[in-house]
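Can you keep this structure in mind? I'll have questions shortly.
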């Protein structure tokens, strides 16, 4: 569990993001501590993906400040964020189907070795690391040059997560990693999140599933129409309360009789 | 009429990138300057003759005092030219076409060198110089007019055209190597005809490369820097000069004088074929590609 | 359903800035084309007014050129909206003309049979194009590029083998008095124009056999065909269920297929329609000019695509309008002929064309993003 | 609840489907009764989507028989299945972003009116029906010509479902309709399923979420590696048992201590 | 992690039929190109063996033509893998040649300065192309089509305005003795070939001015450039991290961007590299032939794309190989020249080209599906 007395590793202050006429974020603040799993919840279109994209350097916030390890940061590109130690597994997978698993694993972070003063790709290392890491996650590849397009959705998700973990992120952002996964794959991902958090990594976890959130989350921040509805700490909030908040505080369509309360 | 008000338009069938027509542009520009009249040059960008017909119609609509045009395809162009004539615009046919066709469309006269006839003359001359089996390098196979030269040449030699006309494309290295390949596959070829600088220049390079320069009979249409050098060093036997300068210059002069003073030469002007050989090359050399 | 979900709607609106209704009524796929057309006409009215560009003959001149572009642009437009495109249009024009010459002149068949058979052959080639594309899943760029070469090759080879030349004339004579030929050649409205000529509204010939006749003596069938194809294409696209399928096939062929749209059929039919348009173009051309040549139609595929893109269609499919494409063709035709009227150095035409193309697509992209909320 | 004494509206018998070297379905049988919600569950890559695609005419089964309303059926195209009364909302949405909502709504089923003997699109009807149906589902469109690309994911999902319902399907197939939806949107979809089922429509519902399945399902069929693990009836199986089956009968990665059991 | 998940793997394998290891070792992007190359050589060995196609002169003949295609194919290949393509390559070739003529001959600058400045200008134009594509998100088809016209327009306009002609000669004289010029013109290995000639390994001229000299007197720099560019391109693509970025940018630019790949930079650099290759082509050409013409490079953009596609690259990006593209160029060159050696009617070349293109892409698609498991 997070040690709340430490300083937060990343602080987002009053982030706003406008896309032309659309106001996606209207001032969202949030901080994440090392070793904590901070769940980001909220309705469709609440702005969760947009928010973590400003965190990972994909979007530049229209307004607001990002403070990383105590210093104000201004990420120009995803590279900057990655170099600072923020790894992101995006909602729409950041995998290239036609490329091999090894090349995907190291995409943007390719290992190099110098030959005659020139940086060459260290393919043997890349292959070996990939095979090892995938085996650790329980996926036996046919070979490191197998194309990602031949993997199942769950397997791809696993590649993306293990890649992020491998590169020693200080902050790991997961955008709905479990939404398309089967029960078994989901529990694998949740176990990984738990393990990573214990190693002191700060995790930002986005989900629509209250139970998944309750399973690994230390704190829960709910977004609604581009604004925060507040942050709750684990143990201080019941799943039902959380579910109500996630629905934007609005009354939900209820199923009558025996079906009620099982969503 | 005030002198500067006369305006003539020259319409050609050549695509934008065809270098030979440059001399024509220079010719009308010079004539325009000397005669004090306004001249314009127009052509279909891709060399599509159907597009050229539209340009003639366009020229007629802009009501110039005269139109100078080639007759690249009688079928296509006769209608628009006749319409222009009927509208009261004087027309002179230049370059391609024949005197008869010019008369038929109602043009004042014809200035130029009928393509087929020029090819025929070349073929007859080449036959006299011992050519029996030939290669015709056609860099503009899609343009019907220049191909006529190959046909004439074959008829002049008295042989079948058959496979002798090569679709060479315009890339110099490809032309050069296609010629080399053809010559190597057909060792009995003893005469080459090229249809202009675009095909002649790489062919010269090809013959220098395989050592047949000066050995094989080589005639070409039109002139250019490399061709002049080729004639000088004996690679090329002769260049057929149809004197494009005259084809452009004369019509402007004739039309101006016709409009100003009502005088007109009594006959068509054959600007070619003239065979340019190693004798008397100095002027050709100086102005090749510009006025020659 | 429960009532709770009703609150969804204000949700969406609340976070979007308002747009004036005037601005919204303006934003349509054809807007770029309309703006471009106005700009082009204003430009030439200012700089080439007294060059004859706007007398009856001048108007007829750029109208015909634009009509030519329109005929192929309609086909290219529908095909592009259906998500494919056809680089073999130009070669098809050359090929179709040559077929008419070969059948009608060399073999001497009656013209109406010749024309019907040529249409059948060309539409069949279009179908083959389409069939290969939908069956192999190859990009249409590659497949039709192959046909660009194949058809052009035959267009040169066939007449050369048969007749020793790359141009075959005498088609007008062969078509003399043929009923089908008259639908593609010829002009209509002669009486009206004669009246106008007599009334002095349009100029008359000053000499020659046609002295006294009006310089513009009718509307060429080319223009009639262009208008007919535009109307047909526009109605098909916007007013029929097949039109909806065209959009769907180009927007996302997998989704369309899952929804029950016969995507393969739609695409193949559009390839056939494109071939049909190219053949109409070729037939009108040979009927008017009387000869077929190996040089006909060069680069017309690009010109068609450019007209369509200037008209606001999306190269990747699923978006566009026939009216836009027609305006694109009009712009193209007016600029091309207008530069001649304005006396601009002809080699600069290409430079203008490139710049207009760039400007038009950038404008259209901006408009399209506003319409579709695309990101 | 389904009346099990009735004859099934659709019976799938021993369906096999091979893709080149991949055997996606190795003989799956299933029947669905009118008014029943039949849940199809299983791991990633188990073959659920492939299975319902054979049902909806997208794929032709390599082997096996489809009996619809007592007659053997051989769907050549999705059209055939739709004409027979099988409507499908696919996992990867069958919506075209650049097209208007109304055109998407009626895609493949455009209303026509005859003018001078020619079938024209009945745009006014299409617009009106779309506006009405969307309003019923709680979505106020700016206009029927609004592009689908401007809708949120949840809204698009709703369009797809209401389209399927509107066209009076006898069988409604939903492939993971809730996986990307927020809590509120999910409960809307589940309520819709419930409503539709009560009208006597047979629903095939695919999900990875046991709770969603338990909320609306009458029977549960679990697929694993292209084969059925069996069908269970509501009330005869507990959520935990079902969850175990969905994981392919294999032991799951477990979260220790307080986190356990909440997946 | 727990051990349960380990069972995932047999899961995958169990349901996939096995593939022999021989078959798997064969399946690589270049396979189509290799099969094609073998087929083409077998064909011509059978039908044109005694035509001189395979003596030293004949080999040099098709080697040079292939080398030309290779130079532009390498650039087009990397660009295509990066997800874009460039229709302005042909115009760029004409433009670059003309720049050299204008600077070196008309303005009389020293040749090395001329060449360096020409390279700088052309690469800058490539960068502009790329910049417009990445900034506006327009398809590169449209943007580079605009530049196709713009550059060709200037290539005709500039020399005409300056010199009154569209072919400018005298470049060879201007480049005489220039160190940089020699890198693009000239031949190397003359001594070796003379030895071989004297030793009777290669034939010597039997008649004409060069009697006694070996028929092949050196390897043209064109071929050296082709080899150098292929090696460079291949190493860049497969052995460096930048190569990985090229694949990533073309495979899915959004995903690549999110992973920290500088996609815009990669794409712009590839446009610049394509322009570089085109300029190398142009420079070698003007150095060999001594003149620059407004018609140089016509249709070369298509030829480059065809070679690349025959070589197995995917038109939509993210997949391909430089070696494949080189083989594609070789096939293209050998077929084109071989048909002349074999005495086939030359206008049929286009027909063959189209058919080969179609056959090659269908074969390549099949191979690619096996490799990537794509559906």
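Every chain is named by a letter (A, B, C, D and E) in the order it is written, and numbering of its residues begins at 1.
Simple rule for what comes next: contacts are C-beta pairs under 8 Å (C-beta built on N, C-alpha and C of every residue); 3 or more make two chains touch, one makes a residue touch a chain.
From a predicted model like this one, the values you see are computed outputs, not experimental measurements.
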Intersection of contact partners for subunit B and subunit C: E
Between subunit A and subunit B, the fewest steps along chains that touch one another: 2
Subunit C onto subunit E, rotation angle from CA fit, given as a multiple of 5 degrees: 180
Farthest chain relative to subunit E (centres taken as mean CA coordinates): D
Chain centre separation in whole Å, for subunit C relative to subunit A (CA means): 50
Centroid spacing, where centroids are CA-atom means, of subunit C and subunit E in whole angstrom: 34
Where subunit C and subunit D are represented by their mean Cα positions, the distance between them in whole Å: 43
Length of the line joining the C-alpha centres of subunit A and subunit D, rounded to whole Å: 29
Residue numbers of subunit B (touch at least two other chains): 16, 141, 165, 167
Subunit D, residues touching no fewer than two other chains: 45, 152, 155, 184, 188, 191, 250, 252-254
Where subunit E touches two or more other chains at once, by residue number: 1-2, 4-5, 7, 152, 156, 160, 345, 347, 349
Touch list for subunit D against partner subunit A, complex: 42-46, 152-155, 176, 179-188, 190-191, 194, 208-212, 214-216, 243, 246-248, 250, 252-255, 259, 262-263
Residues of subunit E touching subunit B in the complex: 48, 51-53, 55, 57-58, 61-62, 64-65, 68, 94, 152, 155-156, 160, 163-167, 169-170, 205, 207-211, 213, 215, 222, 285, 288-291, 293-298, 300, 336-337, 340-343, 345-347, 349
Of subunit B, residues touching subunit E in the complex: 15-19, 22-23, 25-26, 29, 141, 163, 165-168, 170-174, 177-178, 180-182, 184-186, 197-198, 201-202, 205, 210-215, 224-226, 289-290
Residues of subunit B defined as touching subunit C within the complex: 16, 40-43, 45-50, 53-55, 57-63, 73-76, 79, 82-83, 85-88, 106, 141-144, 147-148, 151, 161, 165, 167
Footprint of subunit C on subunit D - complex, ascending: 56, 58, 77-79, 81-82, 88, 90, 92-99, 103, 106-110, 112, 119-121, 123, 136-140, 142, 147, 149-150, 152, 155, 184, 188, 191-192, 195
